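Structures are listed in the sections that come next.
In what follows, subunit A forms one complex with subunit B and a second complex with subunit C.
Presenting the complex of A and B:
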């Protein structure tokens, strides 16, 4: 499909270790369409961050990456150093959970922003400064000129995350990959960042891959959702379908674990057991160790991905009979 | 029952904190981190302390545990004023109050085995035999869902949720009556959070524990707490039973915190209305009602005078000039 700007196919990432290697991503595939906000959700350790890093050629050694990742028509896996450098911060920008760590504590925000802008856009220092101010205004930081003169430690976590978003959009990227950018923030600031990203996606046609484990965040922000379990996408569809008519037993359980106001003082729904050890992922359907619908077949054969209707795809032997 | 009635000495009270205050002196000046905070925790009850980062939640916890000195106020635990105890009594009292911190990665000693992490507090108290100590370690680990096979492992061999279970087992080691939970699930993913919250509820029922549950996420508060204290810039701005406060908040700040929670339902997307702005610097707090720069209901009066916490029945109180409940 031509409107897909980021396409991941059969992505595999392994981290060799002394004993068995960690199979962080095990055949993950999905496409992100131009201008959409796609949510990537799943429990801790399922491979969300590694997938995001792979999109920028940033999987740390000794990680081994196989498969294909096409960004705006160009293959990322195996691309040259120069091509990757152009890609990062240019076509694809990324923001992380901890904005403090992504900035250099010894340089002002202004210096760091203008440096990045000058790498990717044909402007001089003062032109870069103008673009930086424009970007800070876009993320609604009051007094952008004052912010430019500050060091990272002089800003709050919420302000820093806005600076990161500003830095990301200042180079006019095609795709923004956000890896849990709100997890470390207060609910109030998290809400502000969600609204900000929602507005940027709408007003600038920005394509966003948004990683989180918070169902509330996904519901408030994303057009479509991909659910990841043990290194694979197990279900994908519109937010509406995944929240109201999830087909995969994992998605169904996962959606219920989120606390939701209005239920009162009661136990929360839980997914029994824990995420599998990725040094020895279960055979067959990886979810079979925790699935109440598992059959003998599920323990041996890994389910294929089927299309239920239109956009809605699922990998479960029993999805059709369970819907 | 109102907080005042509680303070008057109801015998269900396990802990009564009155007029707590804490100042920090920093390079840039003095911060009033906790300002005239009073509350009661009854036996078997969970009281939640909520508010944005920096409002003073952890400072309240640390003063209760006497890990930092107070600048004012009294703490009465089980009928005894903590300031009037002999050192020996103070030591015995300290065992009845315990804390679980936010980050299970930072709070467990990476070089210690689970057995020693959980057993360490028992060791430091006299009069417990070796056999009894072993028995207690096993029992506490079992109560958080960990078996004997986990006893000789190190923290790094566990997932985040398991580590938080170990931290809970350690906090339970001395069989406290009040457990302070300082954002116990903030570092965990949502499904592990659900497991840990259920575990805490279960332990409370089986052991009759009281909890002070600290969080900035009101959605988790609802499933675990009976009463809630909402804090802003060092002060309590609203208190009451969770069910009443969350359905009919009396303070605009409480309303705003509730409206900042993203609802896990795409059709309710528009309900997300995050509170604007950020918490002002405690070094230079705003005039009048300290919430006024962010308050959608602020009037001219709010810029000059500071509202006091007034009770209005049903165990509820709020510090605001505006009648938010009547508005609803």
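Presenting the complex of A and C:
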């Protein structure tokens, strides 16, 4: 498929510890197409952020990465320092959860933006400043010139996240990875940031990998959704299909855990138990310990990924009978 | 026109005058201000020593040999008849210069080591920090003595020796601070935007780690003066005819029961200088790191 801009195949990331190592990602694979917004959802600790960091070759030591990540036709894992430097910010940009801490408190916004721009573009200081102003206008921050002279603590969370988005798009990346960019913001600001990212994706053909636990965000933003559990993708499909006809028991439970308007107070569900200890992930299907449909087969054999219809894929032994 | 009682309040915003701000600052940092004032006076006296000193500090005059303090010689004369007050003034120049140079050299040596060790961690960290630990394993004055014994006696060598025995503290402080800053989200964010290791170290890690180094440096400034004076006292620091407080005390120590002024005034000078610097250092710590104040 030549329209895939980011292809992850059998990604495995482990963090060695004394005794057993933590297997944060265990054979995760999916593709992101040009210009689409893909949501990656799952509970805390299921390996979403580590997968995102791996796309930038930024898994913190002592983490070990295996498998293959291809960005725009080039392999990331094992790439040279030079290639990685071009990749980060140039091809793939990333924004983070806590915008208040994602900027250095020591320097002004303008200094940090021009610094990043000059890493990737052959411009002088004033040229970089012009590009920074352009980027800030793109994210619809009023008074970009004033904002450039401010220190991070003088801006609000919403403004800072806009600055981060501006910084990310200032070097014209192919892919924007957003790691829970709205989690630390209040609801009205969340909405604005989501609209902003959607508009950027549409107007500039930006591909977005959007990591979140918030199903509402996914529904309003994403074309397709990948559901991750215990370091693997358990289900993937268009957000329509996943919200209305989820096939994997985990996805179904996950959809029920979010409160929705118009539904009663009573049916807010919880998934019993906890995310498995990734030092010793359960054999077979990782979800069997918490699944109400689990069979003997699920405890022993890890399910393969099957295609249900179109691009709706799922990894569950009983998906077909449970749909 | 307004009859509503509170309606005119925005007009009465009072801006604190700078004298009020100063008074507020002084009342909050009394010891710092006291220390800074004394240190300022010492600094001025050291700078203007040639103008203030009533006598040539090296002029020998046997007619007033070991003369007691009096109206002509406020602090008396030493065993060669030199004016103690003039010598204390000139000695301040040496001591302040030594303190500054040793602290700067120790920071210049320790800071990059701590930065590299803390930032990269792993094997480099182990090697650099164990090497630094070797220098910490010696008793505080023994290492400078050994180093000066190896590279030769003299004030410059004593300074180098002190810096070598002092730098591990800065390496440790810097390493700890860098390890803390390294896990800050803005470091990861900068890396994700394609900023390289060198730039991240210099632009993100270094400036955000300077506070504890500045605090330690201002405190050590006093201790290094004390240590340098000690080295001179035992004869491996400053050599005659250099003028240094520790050396003055050493030269007169055989006479000091009878002629107390020859030792007391240089000793007092060391005491007041180090005390004032420590007060300033404590004050800087309180100002830069307000968390400490809760525990007083």
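Note that in this section the second predicted complex is superposed on the first by the 319 of 323 C-alpha atoms of A that agree within 3 Å, B and C clash if a C-alpha of one lies under 4 Å from a C-alpha of the other, contacts with A are read in each partner's own complex, and residues count from 1 in each chain.
Going forward, contacts are C-beta pairs under 8 Å (C-beta built on N, C-alpha and C of every residue); 3 or more make two chains touch, one makes a residue touch a chain.
Nothing here was measured: the structure is a model prediction, and the numbers come from that model.
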{"item": "Contacts of A:275 with subunit B and subunit C, given as first, second, both or neither", "value": "first"}
{"item": "Greater subunit A contact set [subunit C / subunit B]", "value": "B"}
{"item": "Touching partner for A:105 - first (subunit B), second (subunit C), both, neither", "value": "second"}
{"item": "Touched partner set for A:116, first subunit B, second subunit C, both or neither", "value": "second"}
{"item": "First (subunit B), second (subunit C), both or neither touched by A:283", "value": "neither"}
{"item": "First (subunit B), second (subunit C), both or neither touched by A:167", "value": "second"}
{"item": "First (subunit B), second (subunit C), both or neither touched by A:257", "value": "first"}
{"item": "Partner chain(s) touched by A:75 [first = subunit B, second = subunit C, both, neither]", "value": "neither"}
{"item": "Contacts of A:93 with subunit B and subunit C, given as first, second, both or neither", "value": "second"}
{"item": "Contacts of A:191 with subunit B and subunit C, given as first, second, both or neither", "value": "first"}
{"item": "Contacts on subunit A seen with subunit B and repeated with subunit C across the two complexes", "value": "none"}
{"item": "Subunit A-touching residues of subunit B, taken from the complex the two chains share", "value": "52-53, 159-162, 188-195, 197-198, 201, 216-220, 222-226, 242-243, 246, 256-258, 260-269, 272-276, 278"}
{"item": "Residue ranges of subunit C in contact with subunit A within the complex", "value": "121-122, 184-186, 188-196, 199, 203-204, 207-208"}
{"item": "Parts of subunit A lying in touch with subunit B, wherever the complex brings them together", "value": "43-45, 156-159, 186-192, 194-195, 213-221, 239-240, 243, 253-255, 257-271, 274-275"}
{"item": "Subunit C contact footprint on subunit A (complex, rising order)", "value": "56, 58, 61, 85-90, 93-98, 101-107, 115-116, 119-120, 164, 167-168, 171"}
